[in-house]
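Take this structure first; my questions come after.
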Amino acid sequence: MTTSTALLLADLVGVAVFAASGASAAVAKRLDLFGVVFVGFVAALGGGIFRDLVIDEVPPLAFADWRYATAAAVTAAAVFWLHPQLARLRTTVLVLDAAGLALFTVTGTLKALDAGVPAVGACLIGMLSGIGGGLGRDLLTGEIPVVLRREIYAVAALAGAVLVAVLHGLGQGGALPLTAAALLVFGLRLVALRRRWTVPVAPMRPPRTRDPGPGPRW
Amino acid sequence: MTTSTALLLADLVGVAVFAASGASAAVAKRLDLFGVVFVGFVAALGGGIFRDLVIDEVPPLAFADWRYATAAAVTAAAVFWLHPQLARLRTTVLVLDAAGLALFTVTGTLKALDAGVPAVGACLIGMLSGIGGGLGRDLLTGEIPVVLRREIYAVAALAGAVLVAVLHGLGQGGALPLTAAALLVFGLRLVALRRRWTVPVAPMRPPRTRDPGPGPRW
Amino acid sequence: MTTSTALLLADLVGVAVFAASGASAAVAKRLDLFGVVFVGFVAALGGGIFRDLVIDEVPPLAFADWRYATAAAVTAAAVFWLHPQLARLRTTVLVLDAAGLALFTVTGTLKALDAGVPAVGACLIGMLSGIGGGLGRDLLTGEIPVVLRREIYAVAALAGAVLVAVLHGLGQGGALPLTAAALLVFGLRLVALRRRWTVPVAPMRPPRTRDPGPGPRW
């Protein structure tokens, strides 16, 4: 399998899982069929559209290749009709989101490097490709973006992007090393969710009066 | 009248009605004069800026041609000073929004096709040109985007975009068939509002305890 | 100092102050370290990324030149660890925001003019370069965007952008006149904050019943 075929496959799998993630979030918010497909579309293709705009690959793949939009729409519609146990939706969203994060971060970093973007910028574009769709999904459904919460999310993507850039610099851009980078992101994110790993919060002096109790209020 | 003159006119009319839609929403939120003009600007030109970025027409028309920004600013300021009956603002916003949706969907689809984007992508770009401004308006004014609500909105735009792509494929890209496509979007949207046509929502098992009553909670 | 060196310096200073503004807002919202850096990144580089996309300078400087992202990340992390008196954060955010607004408006307008955008469009791009980062910061942290509130904000940026365009048209694009334009924006914004200058709001007939009292309700 050539790198470009592997990239296409990884991209389409990422589109499907992110579309399912977005659609699940939209179903949980009781949006209608088109709202579900639309949020699925934004979650699946928003990061890639941003990536293609900044590396000047226009029209973005999401519009140039009908398989992307079709994969997103079909997956989102399938989630709309088939989602079996709503009580499990939250976990499903989180796991699918981790898989999409991993795949889009790796392909986004690689595409930016191939487009001649320097390593630091390529890592940022890769990270933003990974987190962009979820950010759009959260803004559309009125949630505080997952990426800003006290969890390992963007940092998992950034770790994978840096690994891709290092492997690419060493001439190791094949499917196997790239899969390892994707698994790094996926694993970091899942372990962080499982073990509730968090990123530190700035210390604040407690307010003197009317403190409604310990812990942050969101 | 040539196609390009017709496109320019349709575009400027779309800019004006979407600016009025955005300005009305901003006035209803009691934003100040510049907030009203800014929301009018985003509602009027946001979809087109997105469209021009993805078809690589840079700088986008909104910045390259001063008539666009001027039409948006003048219309929004006029709404600010002249809006007569605030009680009717909600209906006004919805009707102007439907007209802007129709015009921008048709011109957006056509511009994407003329830029060489394949039909499926062009329909999506056309739909997003139509709904992008309203999406920006709703995000800025803190509303749940209209496009995600249980109403015919994006689907009306998509129907018009597909009609434009089919007519274009048949060589029928003149002003008359394009006007028919715009009227299709406008009519679908208005009838949907009037008859309260909705898009289905996924069935959910009711929660067993602490149900605050029937119907969805937003 | 050449114009391009002055532009780079002004840009990096603007990146740092806007990153501090975004990071302060994120610390006040008790976001985690990566949330703080991310909001700082968006506040610092969001306006410039938008500017570079619409003038077709791709990849945007934020990704092409590692100093931009580094300046944003280091400043945001410093705010996270060093912010001394949280009670003063609100004022700090407002003053830093005014400085970033001034610098990005001037450099944004100048870059658009240099890219061949006509004067009206260049002023709009300059204003959007200035307000874009703050807009992204506010959307991410769930605030009503400052730009829409009843304060002199976008109009200060627009005044500076028009001054830059006029000076540029007169061949006065050196560091001194540009600094004057930046000081105009900064001064207008600070005086407006200090004296509570506001932009007018559309008159509304008071609701007949259940009026919760005078003044706007947000």
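Think of it as A, B and C in the order they're written, each chain with its own count starting at 1.
Here, contacts are C-beta pairs under 8 Å (C-beta built on N, C-alpha and C of every residue); 3 or more make two chains touch, one makes a residue touch a chain.
This structure is a prediction, so every number in the text was calculated from the model and none was measured.
Asks: Could you say what rotation angle superposes chain B on its sequence twin chain C, using C-alpha positions and rounding to the nearest 5°?
Replies: Roughly 120 degrees of rotation.
Asks: At the interface of chain A with chain B, does the proportion of residue numbers present on both copies reach over half, so same, or stay under half, so different?
Replies: Homomeric contact, different residues on each side for the most part.
Asks: Which whole number of Å gives the spacing of the CA centres of chain A and chain B?
Replies: Here the centre of chain B sits 28 Å away from the centre of chain A.
Asks: Show the residues in chain A shared as contacts by 2 or more other chains, in ascending order.
Replies: Within chain A, the residues that touch at least two other chains are 53, 56, 139.
Asks: Residues of chain B touching chain C in their complex?
Replies: Within the complex, chain B touches chain C at residues 26-27, 30-36, 38-39, 49, 53, 56, 58-60, 62-66, 69-70, 80-81, 83, 86, 139-142.
Asks: Taking the touch rule as given, give the residues of chain A at its contact with chain C in the complex, in rising order.
Replies: 53-56, 112, 115, 117-118, 120-122, 124-125, 139, 144-145, 147-151, 153-155, 198-202, 204-205, 216
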